[in-house]
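So that we are looking at the same thing, I have put the structure below in structure tokens.
Order as written gives the chain letters A, B, C and D; numbering starts at 1 within each chain.
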Amino acid sequence: MTLMSYRQALHDTLRAELQRDESVILLGEEIGVFEGSYKITAGLLTEFGPTRVRDTPICEESFVGVAVGAAMLGMRPVVEIMTINFSLLAINQIVNHAAKMHAMFGGQVCVPMVIRTPGGGGQQLAATHSQNLEVWYAHVPGMKVVAPATPADAKALLSAAIRDDDPVLFLENLALYNTKGEVPGGEQVAQIGVAAVVKPGRDLTVVSYSRGTVVAVEAATQLEQQGVSVEVVDLRSLRPLDRETVCASVRKTSRAVVLEDDWLSYGVGAEIAATIQEGAFDYLDAPVRRVAAAEVPLPYAKSLELAALPTATDLGKVIGEVLDASRFTR
Amino acid sequence: MTLMSYRQALHDTLRAELQRDESVILLGEEIGVFEGSYKITAGLLTEFGPTRVRDTPICEESFVGVAVGAAMLGMRPVVEIMTINFSLLAINQIVNHAAKMHAMFGGQVCVPMVIRTPGGGGQQLAATHSQNLEVWYAHVPGMKVVAPATPADAKALLSAAIRDDDPVLFLENLALYNTKGEVPGGEQVAQIGVAAVVKPGRDLTVVSYSRGTVVAVEAATQLEQQGVSVEVVDLRSLRPLDRETVCASVRKTSRAVVLEDDWLSYGVGAEIAATIQEGAFDYLDAPVRRVAAAEVPLPYAKSLELAALPTATDLGKVIGEVLDASRFTR
Amino acid sequence: MANQRGTARGGIEQVADGTRFASEHPETLRGYYSQMALIRAFELRSAEMYQRAKIGGYCHLNLGEEATVVGLMAALEPRDYLFTTYREHGYALARGLEPGRVMAELFGKSTGVSGGRGGSMHLFDQKLRLLGGYGIVGGQIPPATGAALALTYRGGPGPDAEAVMCLLGDGTTNIGSFHESLNLAALWQLPIVYVIVNNGLGMGTPVDKAAAEPDLFKRGCSYRIPGERVDGNDVIAVRDAVLGALARARTERQPGLVEAVSYRLRGHSVVDPARYRSKEEGERLRGLDPVPNLRTRLIEAGILDEPAARFIDEQAEARVDAAVAFADESPDPQPAALFEHAYATAVPNTPHGLPGDPLISVPGGQP
Amino acid sequence: MANQRGTARGGIEQVADGTRFASEHPETLRGYYSQMALIRAFELRSAEMYQRAKIGGYCHLNLGEEATVVGLMAALEPRDYLFTTYREHGYALARGLEPGRVMAELFGKSTGVSGGRGGSMHLFDQKLRLLGGYGIVGGQIPPATGAALALTYRGGPGPDAEAVMCLLGDGTTNIGSFHESLNLAALWQLPIVYVIVNNGLGMGTPVDKAAAEPDLFKRGCSYRIPGERVDGNDVIAVRDAVLGALARARTERQPGLVEAVSYRLRGHSVVDPARYRSKEEGERLRGLDPVPNLRTRLIEAGILDEPAARFIDEQAEARVDAAVAFADESPDPQPAALFEHAYATAVPNTPHGLPGDPLISVPGGQP
């Protein structure tokens, strides 16, 4: 176990995978000389050279599509898209091509590639640079979508994604890069498609992923002192979605709240609430509630940005409302 | 009232709007000389000439972006994207630009444009040409998304979309173009953001939109004979979403099923189910169930395509299961 | 910079058949004609089968492009990789795929080259390195470029190096991925040849209504990629132009751009009556039909005689008959196999529900 | 085709100041210098304000591009429309926006040009026809082209016609929308001038590592759009080149492409230390700094003297002081206004919930 940042965990894992497997290459804008917009790839160009760590011009559709083609011939490209907002320029290659090929060509080819990209607001980057669009990719068969919340998961899920033979969208988050956590040494390869109960509890289940999980665990720990025992389920994988772990928790706690950074309508939380009401219907003492971002193009001004994004306080308030609605007595 | 096809209703409405307002122009691939891939714009080039009805080269991002810029200067472009699958090439202009500008620039500019595009499978067009991705657009603040199910709504919602000052994604469906229905004459401008109870009923609510609504009404009519009174709610507008109409219906029937053509996980039905379980929790006698497409890249082979797409039979089966689960007696 | 051999439509100088054919082995020429005749017969039959509802979806034919198809495939080595468009039946046949397996794919049968899952637009064969038909315009260009990038990790340049051929239509030169990918190929010196199959139209749109530089072979100028235009109705000219470009790609890692000019004889797809094209234009095009033209010229040159030619034509028909029979008899994919190939690596919780199935095996039964 | 005036970086012939300045009114030249001085002062202060956390998000400066900015804005008429990038503070100032309202936008205040909702990357002013800064690389190109299309519905070509100027960086010439939009502009003959502000780098990437044709002004070749390169450190040369291109756009509806070559003096954004650039390179660039250079040359040419120049510099500082004061005193947008401007046309059921609000006013209370 070593205490390290989410950024460091990503960096070390990329380095380890580059060392382990010749066919792993990194592609992206400014990942080499510039060392990455968020410095995840710092030092890797120097260590592995310009063919393994390749700076690309600004052309998301084509450098992602190039990764698709390279993967078809057996390479294992790990692409960095600076932020998920720019993935919209490459989405035709991701969704109409990478996600389709294995099935559409009758299983004759696979596309073992990883798309690393951070989402998230809260940095005053304004409407076009603050989105959380992972739900789009999670909707698409042929894709796998993982969203680690901790440095340890960042390591284990990135290793798993790189070794997986399907296209994987690996969701990072701007607000998580500097967060720290214990990371086990040696090879760690997570199972994609499995959620985790990261904090056990009895009274209510909070379901979240990525940054939201960190917020949820904070809130849960505080509520503990107030005599409320909150269980936190970290989805870890949005596609496939581990419905059973989510429902099992709610069958135990009989109450659920989803915390998500994306917009409420048609967001990740919609699927979670829909899943719970079907998978734990007779156990629910109150409606599943969702805590999500206000549905506006995110403004730049700090005062407005703060109002629009969900916080631990918002989560605590809604947890309180759900407990009251179900006549919970502390 | 005139009986006409969905295609005819779209054509006549485009023609009427072109006549009504000089600032309305049509842009798209093959909408002029070729008269449109699905012939919606047949004859309009001859009538209005090449500046009002403009054929574009194959460059979705730019011809859609051109419409954005023209709209910023006061034109009212109606863009045709041949199918929603190709909108992925333009989605950066739609979501990162058209949907953001009014808010991001402090209300100084608006983007009065319409994007007409058909979705839908069932035509053996295989994985890349059969998608239903409207849920992506419905997730995005700044967008409006409408999805008419009938020729009458095709007319009234298209007029409304063209006269609206925000970017509107106007969802058509390949399987609806030849369907017929009564269409009122004269100006008909629908209210965007309002759902409709298209068939009243007592025992169970089916919520759907676009092609699904047609299927739902068929199924409901059949079930009537079997003594089951099904209410059908047609969403008509996915964004804004008329939650109250949906929940009011379920508070009355106490049972709900969603029929959607898109993939189940993170699809439109997820939001509907999540909405109902929150807005009609104490009224629900059984979990809200979703009837959606199997989660695979849609295969070309008819045998597989049939297996993957939801039908009236599937809907009937699930309605039966919900009635049984809630001890309904015929 | 752009090689000026042939600078304008039709302005391509004709080498007399005598000289041109003389340097070829007669068997080779007869082989080209047989391939073109096979493609012609296959495509006409595909149209018929579509009318008879044996084929669904979209169906785009190579009618009029046979000389281009055969010339390109004659230049491509088995070790090379091919990325095509949705108009690719002929390439699959000329690359060596069994007509039966191609027709079976069009019929959506499990014996089809893509197991019936791709259909007409998505023919694929890993062994023959036919890396797919693609239905999204321009969608094949970045992956083809990426395949060429992958080759640079396999070995250095040289006459025996592998290369990639990426086909695209004239209308496709106007889409962003064309620009982005050619820039990458030139910047990174990738072993790839982009071939613009200029059949005069993108659906109903003539080249000069879509491209501000209608001399498409010149569009490599923005990347310092040399371009060359050839008469797409001349199988030998097409082959030789591409051989040269492929050689430069193998030995110098110099990406190439070749424009082969031919004419689409029918509508964009089998359902398009092409009303936007005048009767006269139709007549004119039939006069340029590469299949009967090569047949006559080979007979005039004494390389074929009428009986031999007829024999080839009949053989082609016979192979297509057999292909249809094979496709007809082949089984439909089983619905039970719907979720096969959804993913290459199995992981827990992968969806496998059919429409209307309950979400979870154990739905929220009684507490 | 491409106008060869200046074919390689730095290879741009220098006209002696004497001749060049003689043909200008001294007031004009002093005006250019004042504008450049104002931009310089504003940008240096922006960097400082960012360090002091008065400005958030990304902040990209025009340091080193002042001559290009002022030259371009000198050529642009008030009736013309301007689409810029996220590196646009200087353009907003030179276009005539109050420095206070620009600084207020950077501070995220309600008095900002975009009401504090856009920030540094999204300056917009409807009256001055500054149609936006854009943060998505290449995202401004199609809308700018569409604005030019809209102009063709307003009136015919002529010397008094309106036109559009679309700015983009050197690195942005490699993205698809550049190709697609220039093709449309040429095909449809739109009144637009695309200006490549070549500051030598896209973040850390030099032009020749990103563009296979590093002579960027030649990239109009694929659309028959004439290109021209000018010394971006020469305010008069920039102005004149663009005046010519704008004239052709107005009168002939001939889209233009102008490349202005200057140098980014600092990092990509205020948080980038630009370690990838050597000390020597840094030195060299400071020598090319257009602001002190013009100052010295105007003094040498007798158009300014030291006190006059110092007065201009002090005035610039004073205006920036005032701008900061205005921004500081301006109010933050009220959270209650969060949903303002989400939509232009109000319709029922538009979302207005804050995080954690119940979905429906009447949640499923007791039956």
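Here is the rule we use: a residue touches a chain if its C-beta (ideal position, glycine included) is under 8 Å from a C-beta of that chain, and two chains touch if they have at least 3 such contacts.
Every value quoted in this text rests on a predicted model; they were computed, and no experiment measured them.
A comparison of the A-D and A-C interfaces places the larger number of contacting C-beta pairs at A-C. Put simply, the chain farthest from chain C by mean CA position is D.
Spacing of chain A relative to chain D, judged by their CA centroids, is 35 angstrom.
With centres defined as mean CA coordinates, chain D is found 45 Å away from chain C.
Put simply, the C-alpha centre of chain A and that of chain C have 40 angstrom between them. Centre-to-centre spacing of chain A and chain B amounts to 30 Å, using the average Cα coordinate of each chain. Counting partner chains per residue, chain C shows two or more touched chains at residues 114, 116-118, 122, 134, 136, 139, 174-177, 180, 183, 187, 209-211, 342, 351, 358-359, 363-364. Under the contact definition stated at the top, the residues of chain B that touch 2 or more other chains are 57, 59, 61-62, 85, 89, 92, 96-97, 103-104, 126-128, 141-142, 241, 265, 278, 281, 284, 287, 289-290, 295-297, 299. In the complex of the two chains, the chain A residues touching chain D come out as 29-30, 33-34, 37, 55, 57-62, 85-86, 89, 123-129, 264-265, 287, 289-297, 299-304, 306-311, 314-315, 317-318, 321.
The part of chain D that touches chain C in the complex is made up of residues 174-180, 182-183, 186-187, 209-213, 218-219, 221-225. Across the complex, chain A meets chain B through its residues 61, 85, 88-89, 91-92, 95-97, 99-100, 103-104, 126-128, 133, 135-136, 138-142, 238-239, 241, 262-263, 265-274, 277-278, 281, 284, 286-290, 295-297, 299.
Interface residues of chain D facing chain A in the complex, by the touch rule stated above, are 56-58, 108-110, 114, 116-119, 121-122, 134-139, 171-172, 174-176, 202-205, 209-211, 276, 332-335, 337-339, 342, 351-356, 358-359, 363-364.
Those residues of chain A that touch chain C in the complex are listed here as 23, 25, 51, 56-57, 59, 61-75, 77, 92-93, 96-97, 101-112, 141-142, 144, 164-166, 191-194, 237, 240-244, 247, 251, 275, 278-284.
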